[in-house]
Amino acid sequence: MSSRAGLVGVTGYTGMELSRLIVNHPRIKLTKVTSRADAGKELQELYPFLRGYELGRLVISQPEPDDLAAGCDLVFLAVPHGAAMEMAGELRQRGVKVVDLSADFRLRDVHVYESWYQKHTRRDCLTEAVYGLPELYAEQVKRASLVANPGCYPTASILGLYPALKNKLVKTGDIVIDAKSGTTGAGRKAAPGSLFCEVYDSFRAYGLPNHRHTPEIEQELSAIAGTSLTVSFNPHLLPINRGILSTIYTRLDKSISGADIQALYEEAYAPHRFVRVLPPGTFPELRNVRGTMFCDLALVPDARTGRLIILSAIDNLCRGASGQALANANLMCGLDLATGLELAPLVP
Amino acid sequence: MSSRAGLVGVTGYTGMELSRLIVNHPRIKLTKVTSRADAGKELQELYPFLRGYELGRLVISQPEPDDLAAGCDLVFLAVPHGAAMEMAGELRQRGVKVVDLSADFRLRDVHVYESWYQKHTRRDCLTEAVYGLPELYAEQVKRASLVANPGCYPTASILGLYPALKNKLVKTGDIVIDAKSGTTGAGRKAAPGSLFCEVYDSFRAYGLPNHRHTPEIEQELSAIAGTSLTVSFNPHLLPINRGILSTIYTRLDKSISGADIQALYEEAYAPHRFVRVLPPGTFPELRNVRGTMFCDLALVPDARTGRLIILSAIDNLCRGASGQALANANLMCGLDLATGLELAPLVP
Amino acid sequence: MSSRAGLVGVTGYTGMELSRLIVNHPRIKLTKVTSRADAGKELQELYPFLRGYELGRLVISQPEPDDLAAGCDLVFLAVPHGAAMEMAGELRQRGVKVVDLSADFRLRDVHVYESWYQKHTRRDCLTEAVYGLPELYAEQVKRASLVANPGCYPTASILGLYPALKNKLVKTGDIVIDAKSGTTGAGRKAAPGSLFCEVYDSFRAYGLPNHRHTPEIEQELSAIAGTSLTVSFNPHLLPINRGILSTIYTRLDKSISGADIQALYEEAYAPHRFVRVLPPGTFPELRNVRGTMFCDLALVPDARTGRLIILSAIDNLCRGASGQALANANLMCGLDLATGLELAPLVP
Amino acid sequence: MSSRAGLVGVTGYTGMELSRLIVNHPRIKLTKVTSRADAGKELQELYPFLRGYELGRLVISQPEPDDLAAGCDLVFLAVPHGAAMEMAGELRQRGVKVVDLSADFRLRDVHVYESWYQKHTRRDCLTEAVYGLPELYAEQVKRASLVANPGCYPTASILGLYPALKNKLVKTGDIVIDAKSGTTGAGRKAAPGSLFCEVYDSFRAYGLPNHRHTPEIEQELSAIAGTSLTVSFNPHLLPINRGILSTIYTRLDKSISGADIQALYEEAYAPHRFVRVLPPGTFPELRNVRGTMFCDLALVPDARTGRLIILSAIDNLCRGASGQALANANLMCGLDLATGLELAPLVP
C-alpha cells in the first residue's frame, strides 16, 4: 500500500523537482498539490513535462490544512520560510507528518533563527524537529514527525567535512567554504537578476560575507566537532541550472598521509549508498551528480601549504532539496532510504 | 530472468547513453561492453557517473564476435557505419540478435546507401533488417533478429509527419524540415569544431543542403505517403547537449479545420505511450523531453499562408538513439516497449 | 563638434546596448538618459560595466519632452510601442530629430499597424517617418527627422531576401522564414518565461503563426518585389544572449546557376560595408557577428528540391536595434554610416 | 606612422584574440601572421569574423625568424612554452622586440622554471625579460625589448592582492586563491575534455593542488610583500568562454576598518585606467569585463572570521593575455598604454 503525500507550494523549483522525482515512486503517491496562484489548474498545465503521467492530471488546490490532513499521511512544504512554519504547525496539530524544505526548523537555537531570518511563531514545533541529513541522523528521522530538510549549501558542506571534523583531522578555526551553485538555487521568482540574459555567459559571487546558510552549517559542524566553530561561507552563482560544487579549505591539525585521509573517508561513507568518495587524483564534476542523490567527494592534501582541500558536489535541487526530502519521507514511512531515488545521473 | 546484452562501442555518446539507461533496467543486463581504445579499464574509469553501480565495475573488453556471442543474447552496436555492418554480420552468423545504432541497415535500397555512405559489404543481412521505429513497426521488431535503429533526425521528422501523410492532409511535394540539434549529435570525437568555445554562445547551420539523413527520411515518408517524395532537410547546431526540435513546413492539400487536424493526430498517437500531442497553442520545449523517450508534437495550421507547421521535439540521444535501441531490444526480448524507460524528464 | 543625443528608456536591453555603443563614439555624445523607474541614479549604478567612462556618471532623469528638447539634437526612443509614439510626437513638435526603436512608425499603413498593435495616436508623424534600413533607404534617412528603426527579425529577413526579390529570382508566393533569436529579443522585463532556468539548456518556438514582425517583413518585401506578398515567419528562442539566424526557404522562379546567384548577391552588397556575402559552402555563425553591425549571408541552392535557401545572421541588439539606430543617427547628423560602429566581432 | 607587428602562432585563442583587438588599432599594424599548419591561407579563411577587414586578407606564413625580422618591429609570440623561448631567442638576436605570451620568461629563477616546466634553453634572454604587468612595471616595460606577458590567473591574483600586501594588511602565510576560469583558458587544441558536451552545463576543479601558475603568482606576491610567501592556488573550469573570477581569502594582520581598506585600494588604483575598485557591497561580474582590459575588484572584510575576501575579475583572453600583450606593445612603441584598447564591455 502506498503512503499518500501532499505538496504545499508546487510552483517553485523544489516543488517542480519533487513532482519529477515522485512520479515513478513505487510506494509514495502525491494526492494533493497546492498553490495559491495556480489552484484550479491541472499540474500538467503548469508542468508540460508531466503530460502522459497520471500525476499530470492532478488538480492543484488551495493550501488548506484540513483538506491536507484529510487526504495525506505526510506533507512536503516547499514554501518560503515564515509561511512554512505556520503551515507546519497547523499540520502537526492535525497529526500529519511534515517534511519542511524551508529553513524554519533547521536552527535548533531560536535566537539564532530570529537573528538571521525573522520572528519564529511556532517554537512549540521546533523541539520535535529532526535535522534530516540521512548520513548523520537516519535513526532520528525514522521516528520523526517533523523533519527540517537541510539547505543545499549545508548538505554539500557538512557531508564534505563530516569525517575530517569527526576525526579531528583539521583545525576548527580555519575553514573556508567557497561554494558555486546553479541558478535554480535562486528560486523561481521573476526577479530581474535571475533573467536569462543577466546570468548566461557570466559568473559572480553573491551574499558575501553573511549568507543565511552560514549558521546552519556552523550548527551542524560544531555538533560534529564537539566544539563551537565559525566558517567563512561564500557562495557564487553558476550560469547553469543545477548543482553545487563546494571547494572547502581546511588546515590539517595532525600529521596524516593522504592515503590515510582517503581511507578514513572511504570507511566513513562505505555504509552510505549516496556518498561517493572518488579515487585520489580525480575530482567531482557537477554533471556526474545531475538529477540524483549522489554527493561526490574528493580529498586533496596539499603538503606545500599544510592544507586539506575537500571538493564536494551535489545536485542542489535533488540532493540539496527535494530528493533529500523524499529520502526523509521514505524513512518516515518505514521504507528504505533509496526507494524511488535510484536514478542514474543524466550525463552529458 | 534477465536477458544478457552486449554493447560494442561504449566510448561514444550513444554508448554512454545506453549505459545510463540500462543501469536500472529490470530485465536486461549489460554483460559485455567493448572498446578498442579503452579495453582493460573498468567502465567507471571512463564514466565516473557510474560509480556506485554494479555496471561501473564491468571491465571493458575488445570487440570479439565469439566472445560477444558466448556472453550475450543481444548486442547493441554503437560504432560508426562501416564498422557496424561487419560486426553485425559476424554476430548474426553466430545467431546473436543485433540492434544497430548506425546507418548501415536503415536504407532498404543498397544503391541509395552506397551513394550516400560507402560500399555495403553485408548485403546478406540487409534483407532481414527491420527499421526500428516502434510506433510504425513494433510488430516486425518483435520478430526481428536485426534491427536498424532509426537516426535521430528521421525519428523526429517521421513521427511529426506520419499522421499528416498517412491521411493525405499535406502536399507531398512541398515539405521543408528545419531541424535544430544539440551538440551530442556531432559525436564524441575530438574535432576542433566541437570544442566548447567553438559552439557555446553561438548557432549555425551545417551540412546544407545534403545531409545523410535525407534519404532515410525520404524512404520512410514515401512509404507512409504511398508515393515517392523528396524533402528539403536542413540541420542546425544548438549550443546545448541534447535534443532535436524540428520545425516542419507543409502545405495543406485539403480543407480541414485545425481542430480536425488536432483530433486526427491525437487519435493516431493515442495508443503510443511515448508520443505526446500537445494542446493547441502550446509548443514543445526541448527540456520537456530531456533524457526520455517522449516525442512532443504541436500542430500549427496557418490559414493565412495555407500551411500546416508541425513542431516535433525529441531527445536525440535517448529517443533518437540509445533509448529507442533499448525499446527495440525490449520488444525483441518479449518485454513491454517501455520497460525500464519510464523516466521523467529532467526539468529544469 | 559633437551632436548631443538623448536616450529615452535606458533600462531595457536596447537602451543598454546603445549606451555600450555610444560610449566611444567620436561625434555623438549622450547628454540625457531617462527612465521613470531609475531617475536620480547614475547610469553606472544600473550598468556597472560603464564604470570608468564619463557616461557612467551621467544622472538618469525623468523623460520630459522640454528637458530633452533643451539638451538634445536627436533622441533615441527605446521604450515600448505606444509610449514611443507619444514621445515621438512631443519631440517632433519641439523640432527634435527622433530615431524610434519601437514598432510605432514602421508600418506605413496605419490600419495594418492598428490590427497588429494598437490604436495609433500620432498619425501626423507617420507620414514623415522613414524606414531606417540603411542598405535600402540611406538617402532618405539622411534627410529624415523621424526614423522608424527596423525590427530585428525584419532586418535579417529583408537583407537576406533583397537581391533575390529585386532580381525576381524566387517565387513570391512561397517564402518561409525560420528564425532563431537570442533571448535579449524577449526584453528585460522580469517575466517567468525569461528566467535563466526556463531558457537554459532548452529551445522552443514561440508566437507561431502570427508574430508581429510579419506585417513589417511583408511590407518591405512587397515593396522590393513590386507585388504584394505574404510570408510564413516563425521565430524560435535560442538559449544564448544575442543573435538572430534566419533560415529562409524560397523556390527558384528561373533557371540560374549557383555561381550566378552568388555573384548577384556579391554585387548587390559590394557597396555596403556591413553586409558580408560568405563564399559558397560556408555558413554564417552567430558569433561572427556578435556585437557588430554585420549581416552575414550565405546562399544555398538546392537543385534536388528546386529551392534557394538563404541564411542570414545578425546581432539582434546591435544590427537589429541599437547599432542600426546609431547608424541612422550618423546619417541624420551628416556623418558616415559606420562612424563609431567599426567594432570587430567578439569571438569566441 | 604605424609600428609593424608580427604574430607567431595565430591559430590559438590568444592569437585569435590579438587579431580581434589589433584590427582597429590606430598605430600598430599586423604585417605578419604565422602558423605551421595553416600557412598559405588567408586569415579570414581561418577566422571568418575578420571578413570585411583588411587584416582578413593577410596570408598566413611559416614562422621564419629572418622573415619576421625583415617585416616587423615587434613580434607577439602566441605559441606554447618551449617553442616560445626558441623563437624569442632568434628574434632578439635579430634585434626584434618581443612580447611573449607563454610562460618562458615569466619566472626569474631558472631553477623554478625548470622544476615546473622544462629545460630552459635561452637563459641568455631571461635576464633582459621584463614581467609585463603594467600597473606594477610600466616604466620597465617602456624600456624593454623582451616582455614576459603575465599569465591569466597571475594577472587576476596579483592585481587583487597588490595593495593589501604592499600595505601589509594581511598575513602572508594564509592566502587561498579560489579561481574560476572560462574554457578558452584550456586552449584551442582538440582535446576530449574540452569538447562542448564535456563542459556545458557542468563545473569542476582541475589541476589541484599544483597548477603551473602557482610559482608565478608566488614570485610576484613575494616581491610585493618583501618576503617569500606561498599561496594555495586552485583553479576551476567554468562552462563559459571567457573570464576569470578569483575569490581570494586572506587574514587581516592589523586592525583596519572596511572603509580604510576601500580607500587604500581606491587610492592605489586611481592612476590606473583599467582597474576598477567597485563600491562596497557590489561584486564583480565576469560580463562587466568581457572583451576588455578591465580588472574589477571588490573588498569584503569579514569581521566575524577576521578575514578580508578580495574578488578579482578579468577577461582571461583580453586582460589575461592578448590585450595585456597589446598594452605592453603600446608602451614599447612609445604609445599610451590604452591605445586601441578602449573597448566597452560587451554586456549582455
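Per-chain numbering from 1; labels A, B, C and D assigned in written order.
One rule holds in what follows: a contact is a pair of C-beta atoms (placed from the backbone, for glycine too) under 8 Å apart; a residue touches a chain by one contact, two chains touch by 3 or more.
Because the structure is a prediction, the values reported are computed rather than measured.
With respect to chain A, maximal separation of chain centres occurs for C (centres as means of Cα atoms). Each of A-B and A-D has its own count of C-beta contacts, and the greater count is at A-D. Look at where the CA atoms of chain A average out and do the same for chain D: the two points lie 39 Å apart. Chain A and chain B have centres, each the mean of its CA atoms, that are 36 Å apart. Touching of two or more other chains is recorded for residues 13, 184, 197-198, 200-201, 239-241, 285, 287, 290, 348 of chain B. Residue ranges on chain D touching chain B, taken from their complex, read 13, 183-184, 188, 190-192, 194-201, 239-241.
Contact residues on chain C toward chain B in their complex (touch as defined above): 174, 176, 178, 180, 197-198, 200-206, 208-210, 230-232, 234, 236, 238-241, 243, 245, 247, 249, 283-287, 290, 300-302, 304-305, 307, 309, 311, 348. Residues 13, 16, 20-21, 23-24, 47-53, 184, 200-201, 241-242, 273-274, 276, 278, 282, 285, 287-291, 294, 296, 342-348 of chain A are the ones that touch chain B when the two sit in their complex.
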